[in-house]
Amino acid sequence: MSTKDVPLVQARGLVKRFGHVVAIDHSDFELRHGEILAVIGDNGAGKSSIVKAICGALQPDEGEILIEGKPVHFSSPIEAREMGIEIVYQTLALSPALSIADNMFTGRELRRPGFLGKWLRMLDKPAMERFAREKLNELGLMTVQSIRQPVETLSGGQRQGVAVARAAAFATKFIIMDEPTAALGVKESRRVLELIKDVRARGIAIVLISHNMPHVFEVADRIHIHRLGRRLCTIDPKDYTMSDAVAFMTGAKTPEVADAA
Amino acid sequence: ETKACLITKTDTNPFFVKMKEGATAKAQELGIELMTFAGKIDGDVESQVAAVESCIAAGAKGILITPSDSRALAPVVTEARENGLLVIALDTPFEPADVADATFATDNFRAGELIGMWARAKLGDEAANARIALLDLNPSEVSVDYLRDGGFLHGFGIDIKDPTDIGDEDDPRIVGHDVTNGNEEGGRKAMENLLQIDPNINVVYTINEPAAAGAWEALKAAGKSADDVIIVSVDGGCPGVRNVAEGIIDATAQQYPLRMAALGVEAIARWAEDGSKPAPTPGKDFFDTGVALVTDQPVEGVPSISSEEGLKLCWG
Amino acid sequence: MNDVADRSPGATEAEAGLAGAASAVAEFQPRRRTLLDHIQHVLHNNPTLVPVIVLALSLVAFGIIAGERFFSPFNLSLIMQQVSIIGMLAAAQSLIILTAGIDLSVAAIMVLMSVVMGNLAVNMGVPTPIAIVAGFAGGAAAGLLNGVLITRVKLPPFITTLGTWNVFFALNLWLSGAQSIRSQDIDEKAPLLKFFGESIQLGGAKITFGVILMVLMFLALWYMLNHTAWGRHVYAVGDDPEAAELSGIRTERVLLSVYTLAGFLCALAGWAAIGRVGSISPQSFYEGNLQSITAVVIGGISLFGGRGSILGALFGALIVGVFQSGLRIAGVDVLWQVFAIGWLIIIAVAIDQWIRRVSA
Amino acid sequence: MSTKDVPLVQARGLVKRFGHVVAIDHSDFELRHGEILAVIGDNGAGKSSIVKAICGALQPDEGEILIEGKPVHFSSPIEAREMGIEIVYQTLALSPALSIADNMFTGRELRRPGFLGKWLRMLDKPAMERFAREKLNELGLMTVQSIRQPVETLSGGQRQGVAVARAAAFATKFIIMDEPTAALGVKESRRVLELIKDVRARGIAIVLISHNMPHVFEVADRIHIHRLGRRLCTIDPKDYTMSDAVAFMTGAKTPEVADAA
Amino acid sequence: MNDVADRSPGATEAEAGLAGAASAVAEFQPRRRTLLDHIQHVLHNNPTLVPVIVLALSLVAFGIIAGERFFSPFNLSLIMQQVSIIGMLAAAQSLIILTAGIDLSVAAIMVLMSVVMGNLAVNMGVPTPIAIVAGFAGGAAAGLLNGVLITRVKLPPFITTLGTWNVFFALNLWLSGAQSIRSQDIDEKAPLLKFFGESIQLGGAKITFGVILMVLMFLALWYMLNHTAWGRHVYAVGDDPEAAELSGIRTERVLLSVYTLAGFLCALAGWAAIGRVGSISPQSFYEGNLQSITAVVIGGISLFGGRGSILGALFGALIVGVFQSGLRIAGVDVLWQVFAIGWLIIIAVAIDQWIRRVSA
């Protein structure tokens, strides 16, 4: 069995309870190599919860998660990150008072070579700034004045850009994006969608949570439909209409073949 | 079994720790059950009020108390007496003293006066040119504070004006007053500050011996030697008397907390037995447990004991 | 202008799928619970029960350790008296902490105002009622000063009241000349100042008017917080000030009213303190600021604002009082009393945190 | 001149600066009686700022605002509210720890009749709860367990419902909604759009800020296009395509006639 | 799986309009500025300048009021000495406040550890270096206890350290038996304990090793905060702990390291305090906790965390020292010193708030 045949991520029977609420109710999940998987569902269906469980931001109560066929247990997103898994949170997770460069490198800072870095643990600020500027330019995402300016001085769209650029720069396996375009304008959303496709072209898989059906149908290779805490089915966007997808996710229709794609 | 209470100002002052030791030992000897209480910091009136009340509630026969505020505690102490408890003030008298059934205390004004007189005699004619620094307790100006400060100045021959107000004198020999919180750190800082105003200070009064120790560190750091400056203090604790022996403190007025405590416990025992109360020292409104000037440089006209004797008595 | 009142004429393509969508919100099966879960759940829904239970447990514990003397009506009523002044400060402090503030100056305001009342009535011969009213006005003004610095100058409450604490403390020393006013002088010239020291005897228990005042103060504030619009606004401001402002609450006014009322309550406590201590001592209650905060947090009111019942602060003050009295009667050294109070704070709040961690 | 001819809201030459940023740059604004006016524009164009200036949540530095022809100066949204103007903020502005009923009535609580209300200022909790329940049912927006439950126990969609219901219940002149559907799912967004139309049917005007072009073109009577801090033009959605609107707002095209509608 | 790597094949209808869209972000003309605006702007970009300027102004003011005596190198170096211990506590406090915490126990840890060192070395005959290391370990452990309660039990820092303050205070009384250890006894048995009291003479100025230690401590922390990953993480955690956690920082570890390091720095300050005071006194520095917070806030570090430079705390401590010394030399009563410090806190922070209000 070649690596490509084994799904990149496979989760089975995940359960997560918050007090009396069951946010994930014996749900499965599958992400394949190099694909864009959209996750759609009503508000409160448990979309954010399941992706958080997969990247270690939530500890599931039950179930198992396999990455490239190997069982994993992430006790925090940091461990997932170390495996090349990046997440763009709905809240962005940037530190407002720190600079763009600092934010790009939080938790994986570069140190100076030689004595300064080894013994004085001195950061290599020039190198980090160079890299950050490069990545932002590469993604054509923004024209910021200075890579040293605090993130709080950026507009919402620019901040989103920083968060996406950070994920894209460091991911080697896959990126999870939780409603990355919710607060963005038409132009800014378009940029993010293009970016998502660029990233896939580099062979990195993407999980995209979104309420925007046209976006989903435009970029997704497969669509995971989440309902009442579990995966209802997975469909191929070429085989179904947006209207079908919405009907499934809201319970207006029941999919005929579970796991259509 | 007879119960008695000891309520001190704090538990952070070795003087009170000593007092507690004395009372505990005496109580054990006489077969009295002793309960001890203290405020958290000097001036903590409410803790002392609560302690008196607890003693009443506990059915104690008598209370030994060093009032944190000589006026403020009067009402609760009166209540205790009305409930049949014998109340004895230790160390700090009430105002008026008859709020308590009896007071065993140092005459704090007298203590100050002794060191003042000594300092004047020691300086002789130079006293007219003295440069005096006064290191007091804290901004609240409580009674021990103004009594000792005033006593010292009076003994030195300076008009103290309002005896309850510190710092209202106008004698040019006074360089200034500063507060020490009665500890070494405060003593050092206060001394440094006053030296800034006049580096030629040659007489230093201190509220207690920890403050004196701090003051000495500052003087030393300013390049003074023990011969340049006269440091006087109050308390006569063992570390303080040792400092006298070593020439750091020139003279100190020694108090006797153990005696105060022991006398107090005995008085309560007698009160429980036959209802008799101790009598004050003739001519005073309290029982003077005595104060002795400890110095190794005796001067004429001021009775004193040597540091060697002082060390034997220290806080006895 | 075209009139489009009919439903969904331009629905987007995707939404066609909505026809016949389930209209219920997501619901999930409830989870099985252990006994501990159950207790946690009950307490979660009634958080004020926590300090009540801690109080009951400490009463029982000290009843056993310190013996029946502890349990006498006299001693229990004594604890109430001992707690009354810090209790009133805790009431004022609760109001402020509910708005997510903190007031390091409550005790300083209280002492300053009892000195003002005493100075006017005893030393300067002003008629006592006028002196008392002047004290009230002073307390409210001091609170207002805090409020203005916090709302207008936008200083954090901690810093503001750290500053004004120093200022009020200095004024207090200055006004009083650091001298206590004697009980006898108050009796003679302004006995009304001692009103809250009067008491009624109920069996072995002695209930002072000060204790009654404290209880009434808590009940009145409880009513105001829970049954008037002002009270709801106090919670809303503490919960999320921006949301409160946007949803139509004049947050500045609410904060000003809270600080001013707290200042006034401190002055009232200052009056009561004269009755409690019997005299007026400018150096008393130096630790009252932190003691009031201790009572509030032990009572389960969140330092982050907006959560907790003011009655909790009353129980918090009583818990501290019971501990101190119990340890005293059991003959424990002050130093170990301090030690025990330290752990009490930590443990009480830890329990409270545990309770609140459950989602409803 | 009848009231109907005078615009409901008219603002001229509004300016608002934040330090060195000019968020509103001599902008005009007009809202007519009973209409749905959509406001669109890039991220950071100043949409939120201008509507905030109109309802008193921001104090403009220059310019004048007329309501029904009369100059007004709101020093806070509370004053606007007193005139029957309601706002649904992007952040919702609900107090999490307070109940649904409390939140519906913040700042305009009902008091008991008679002595209790007049002298003891006692709240009329039963009346407020009855009213709140009625409004929520009327709008068919949700099935909450108890009107007394704290808002923090509701899902995002339910919270949005409470905020919209509050505005709809009390508005008499107009409602401003700042991206009310940004975080909502397909189903929930639909409900909000229907609600907007219901409200208009009651004669209340609505200002809708949104990045969702299909939504805008579906419900808006007129579209105010905002760009670089000022109103670029106003168009009638019947005369232009979505593509035109996006071209205008992003600067790809320039509108031929300024103020087309 | 279909391969869609080409651009915008399924662009929605609306987006057709994007072709040729301006790619610049919105830009607006800069606004004209008054001189005051200008000053505000400069200070905004260099917030640490504020305490520096306040310090400079107060130096000048007291130079005028208190005369040249104030300005002598000797007096200036004396102020440094007087400030050194509170300065070190302020350094530890700054670390904690940068994480949006607060530590009411710093001074208690410091005094406790100097008592531990003294007890071991002077009273129990333990070799001095070992006694010192034991003190360091104790300080770190005390800090770690705070950290564990805050991160694991999830108690608010204010409450945690209010509790441990009491605990450490009690332990201090217990260990020391309330007795000071005399200067001469230290000289005789453990002179190394006084190391930081040694000094070098520089013209009229006398620079103690304690002062040098304080300055080095600030410089080292400044380096760590600004040039190491750990430092950036401290800021990030204080700024927005949730964002920090999600973006890959182990916030718990960072907090634990901060509290432990702060505890260690307090122990170091405890050692230096022995040199400064000359003897070991369990009663000193009772107000040190609040004094350290005062220095930090006057130095412009936000109590909300994540903002401010640690060097600010050094200047904050110096400002307080200059005020106290200046007022003293000018012959002002202690009570008015307290009063002045109260207003100093309020005014310094008000200026700081005003500066920060401008958006960059």
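First chain written, first letter: the chains are A, B, C, D and E, and each begins at residue 1.
Heads up, the rule we're going with is that a residue touches a chain if its C-beta (ideal position, glycine included) is under 8 Å from a C-beta of that chain, and two chains touch if they have at least 3 such contacts.
Bear in mind that the values here come from a model prediction, so they are computed numbers and not experimental data.
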If you take the chains that touch chain A and keep only those that also touch chain D, what is left?
C, E
Tally the contacting C-beta pairs at the B-E interface and at the D-E interface, and name the larger one.
B-E
Between chain B and chain C, tell me the centre distance in angstrom, where each centre is the average of that chain's C-alpha atoms.
39
With centres defined as the mean C-alpha position, give me the chain C-chain E separation in Å.
30
If you look at chain B, which of its residues touch at least two other chains?
11, 41, 139
Any chance you could list the residues of chain E touching two or more other chains?
12, 14-15, 17-18, 21, 25-26, 173, 335, 338, 359-360
Can you list the chain A residues in contact with two or more other chains?
42, 44-45, 155, 157, 186-187, 213-214, 246, 250
Those chain pairs meeting the touch criterion are A-C, A-D, A-E, B-C, B-E, C-D, C-E, D-E
Touching residues (chain side chain E, partner chain C) in the complex
102, 149, 153-156, 158-160, 162-167, 169-171, 173-174, 290, 293-294, 297, 303-304, 335-336, 338-339, 341-346, 349-350, 353
Which stretch or stretches of chain C touch chain D in the complex?
1-2, 4-5, 7-12, 14-15, 17-18, 21, 23-26, 223, 227-230, 232-233, 235-236, 239-240, 242-250, 306-307, 359-360
Quick one: in the complex, what on chain A touches chain C?
17-22, 25, 42, 44-46, 213-214, 228-229, 241-248, 250-253
Can you list the chain E residues touching chain D in their complex?
12-22, 25-31, 41, 358-360
Given the complex, residues on chain D that touch chain C span 32, 34-35, 57, 76-78, 81, 87, 89, 91-98, 102-103, 106-109, 111, 120-123, 125, 142-143, 149-150, 153, 155, 157-158, 166, 186-187, 190, 193-194, 197, 200-201, 214-215, 217-219, 221, 238
